[in-house]
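Data block below; observations after.
Chain nomenclature is as follows: A, B and C, assigned in order of appearance, with residue numbering initiated at 1 for each chain independently.
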Amino acid sequence: MPEETTPQQSNLTLDAKLEALLFFKGEPVKKKKLAELLDITGPELEQAILSLEQTLSGRGLRIIHKEDVLELRTAPEASALIETLIKEDLHRDLGKAGVETLAIIAYKAPVAKRDIDYIRGVNSSFILRNLMVRGLIERTSSRQDARSFVYSPTIDLLGHLGIERISDLPEYDNVQQEIKAFYENEKTSETTTEKVTD
Amino acid sequence: MSSGQFTIKQESFEGPLDLLLHLIEKRKLHISDVSLAKVADDYIAHINSTEKMPVAESAHFILIASTLTLIKSKSLLPMLDLTEEEQSDIDDLERRLKEYQRFKELSVGLANIFGKNPMFCSEKQVHIDPVFSPEENTTTTTLREAIGSVLASLPKPEKMAKTVVQKVISLEEMIDNLTNRVMSSLKMSFSEFSGKKNGKVLSKEEKVNVVVGFLAMLELVKEGIVSVTQQKEFDDIEIETKKVGIPQYE
Amino acid sequence: MPEETTPQQSNLTLDAKLEALLFFKGEPVKKKKLAELLDITGPELEQAILSLEQTLSGRGLRIIHKEDVLELRTAPEASALIETLIKEDLHRDLGKAGVETLAIIAYKAPVAKRDIDYIRGVNSSFILRNLMVRGLIERTSSRQDARSFVYSPTIDLLGHLGIERISDLPEYDNVQQEIKAFYENEKTSETTTEKVTD
């Protein structure tokens, strides 16, 4: 059994930690990086990988082990099931929330998730994911801040709408004004509502 | 024990219950009508000294002040007979405070574990390459409609408050009013002052006026400006000036 | 190579398939949808969930379980490790109004705005909107009255708290008893209660 590293993490074995890391990243990760993160040597990592592979045998997830990278994926036996799921997601009704989010992104692009959430008054994580899977919007790094992301309509979507650029959307300028007014208004009224300060 | 000077400057309260609870806990009291009577003055002093209170909030504060006034007046004038509704307002306030106190306690526990050992979902939002799959009926028109409906449902800044607040009179105004009237006619009755008619069912607004008036009167009693007498139960309360030299108010 | 789908999938147990689905979705999934995809009944699904939870014990992943939805996430014991990888701020600060409101919603869910306002003695519109934007609570139509809304914690809130189900909250059972007793007490004097709402 692997030794404990820090008391806080002591409940998890090395291979469980490895599993958590791979799950979180959701994409191929360099072994070198994994060893660093787990603060272990190469051979210790190999040992943990073996152990995780054993644990995962018969499970719904597998490790894809290619040269110097590792990735956690669904087991190949589940592929038919996943196919069904993908098809369903692609053809599901976008719903009112989906269309509204798409409209906000179209009219306000490039727009940060925070601003989308704020104008809708609810969190948009899942809707954004669905719109991305369907190729309607794309996520890029913000120009102002490389650590944050912004969303825009895809070229395919503009093509489907029959416009060349987003400013060709109906009443584009008016809508811009209205959106802008909301953000400014909110900023000023936020401080005066509902809080009583001495 | 005198009400003493209390300083809660720079502290912000999430409403009247938060303030009230703070005052009770500050004096290390348990929630009861006795402790509420003790902190009534502190509470009133606080809302009096808070100048920049939004209208909507001050209505909530004054409604609680009215109940506190009942509690305090009952403790000062034990012969005062409370209506069933007034008694239930008092019981209700105690119960609400206890419930609020409990949730505050629980919120400490919640804040302690919030973000301590979070469980994360995958950072990778999408596991497959996107496949362009629009809905047939997604057009520029539907997008225009959708953004219109988003804009239409944006929260409007405070329109709610007005109805609650309309008839609520500020404490200061009441005190001034009372002082003036006491000065002009050395003796007057409380119902004359507050407009309360015996036996008549009061609207909520009128009721607030009555209690705010009463509160103001108690303030004056406390400061020794007027004295209050009630001949017998159910009788009107008489107010008269004690001192000759009434301090001048701005 | 895979001509038929069924024999291929039969290699995986139900709970392994469930694991694969949850992993692939990467967001909360409705139990109803899972049962459909797996072509099983509700009770069979509950069995599979239990079995998956057992399998995951001690591993790097956990299921968060909220009434009718499930989500697969990293284990709370792995949090320190994962946090080293997080680029964005976690926004741990909730503020006084935020924690109070969250506590009321967490222990009393589903709860109407009217009741939250009454307990707190102030109008909670602003803070509710704020918590919704952060994805910590959600608003749904009340079961008793479709025209009114009720608030509940989201799976993401449970994730932030590091608990697998709402009943893992501190003192949860006690509080449920208290609320019940309180409510019965309240009923007797309900007629004269004045509520402060907008």
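Here is the rule we use: a residue touches a chain if its C-beta (ideal position, glycine included) is under 8 Å from a C-beta of that chain, and two chains touch if they have at least 3 such contacts.
This is a predicted model, so every value here is computed, not measured.
Engineer: By CA centroid distance, what chain is farthest from chain A?
Structural biologist: Here the answer is chain B, farthest from chain A.
Engineer: Chain with the smallest distance from its CA centroid to the overall CA centroid?
Structural biologist: Answer for the innermost chain: C.
Engineer: Centre to centre, by mean C-alpha position, how many angstrom separate chain A and chain C?
Structural biologist: So the centre of chain A lies 20 Å away from the centre of chain C.
Engineer: Please compute the C-alpha centroid of chain B, do the same for chain C, then give the distance between them in whole Å.
Structural biologist: Computed from C-alpha means, the inter-chain centre distance equals 34 Å.
Engineer: Cα centroid separation between chain A and chain B, in whole Å?
Structural biologist: Going by mean C-alpha positions, chain A sits 45 Å from chain B.
Engineer: Which chain C residues sit where two or more other chains touch them?
Structural biologist: 24, 26-27, 72, 74-75, 77, 80, 82, 85, 97, 122-123, 125, 129
Engineer: Which parts of chain B, given as residue numbers and ranges, touch two or more other chains?
Structural biologist: Correct list: 14-15, 56-57, 120, 122-125, 127, 155.
Engineer: So in the complex, the part of chain B that touches chain A is made up of which residues?
Structural biologist: 8-15, 19, 46, 49-50, 52-54, 56-57, 61, 120, 122-128, 130-135, 138-144, 146-147, 149-151, 154-155, 157-158
Engineer: Can you list the chain B residues touching chain C in their complex?
Structural biologist: By the definition above, chain B touches chain C via 14-18, 56-57, 60, 63-64, 84-85, 88-89, 91-92, 95-96, 99-100, 102-104, 106-111, 113-125, 127, 155, 160-161, 163-164, 204.
Engineer: Can you list the residues on chain A that touch chain C in the complex?
Structural biologist: Within the complex, chain A contacts chain C at residues 6, 8-9, 11-13, 15-21, 23-26, 37-38, 55, 58-61, 72, 74-75, 77-82, 84-85, 88, 117-118, 120-123, 125-126, 129, 147-148, 190, 193-195.
Engineer: Okay, in this complex, where on chain C does chain B touch?
Structural biologist: So the residues of chain C in touch with chain B come to 24, 26-27, 62, 64, 71-77, 79-80, 82, 85, 90, 92, 94, 96-97, 99-100, 102-104, 106-107, 118-123, 125, 129, 158-164, 169-171, 175, 178, 182, 185-186, 189, 192-194, 196, 198.
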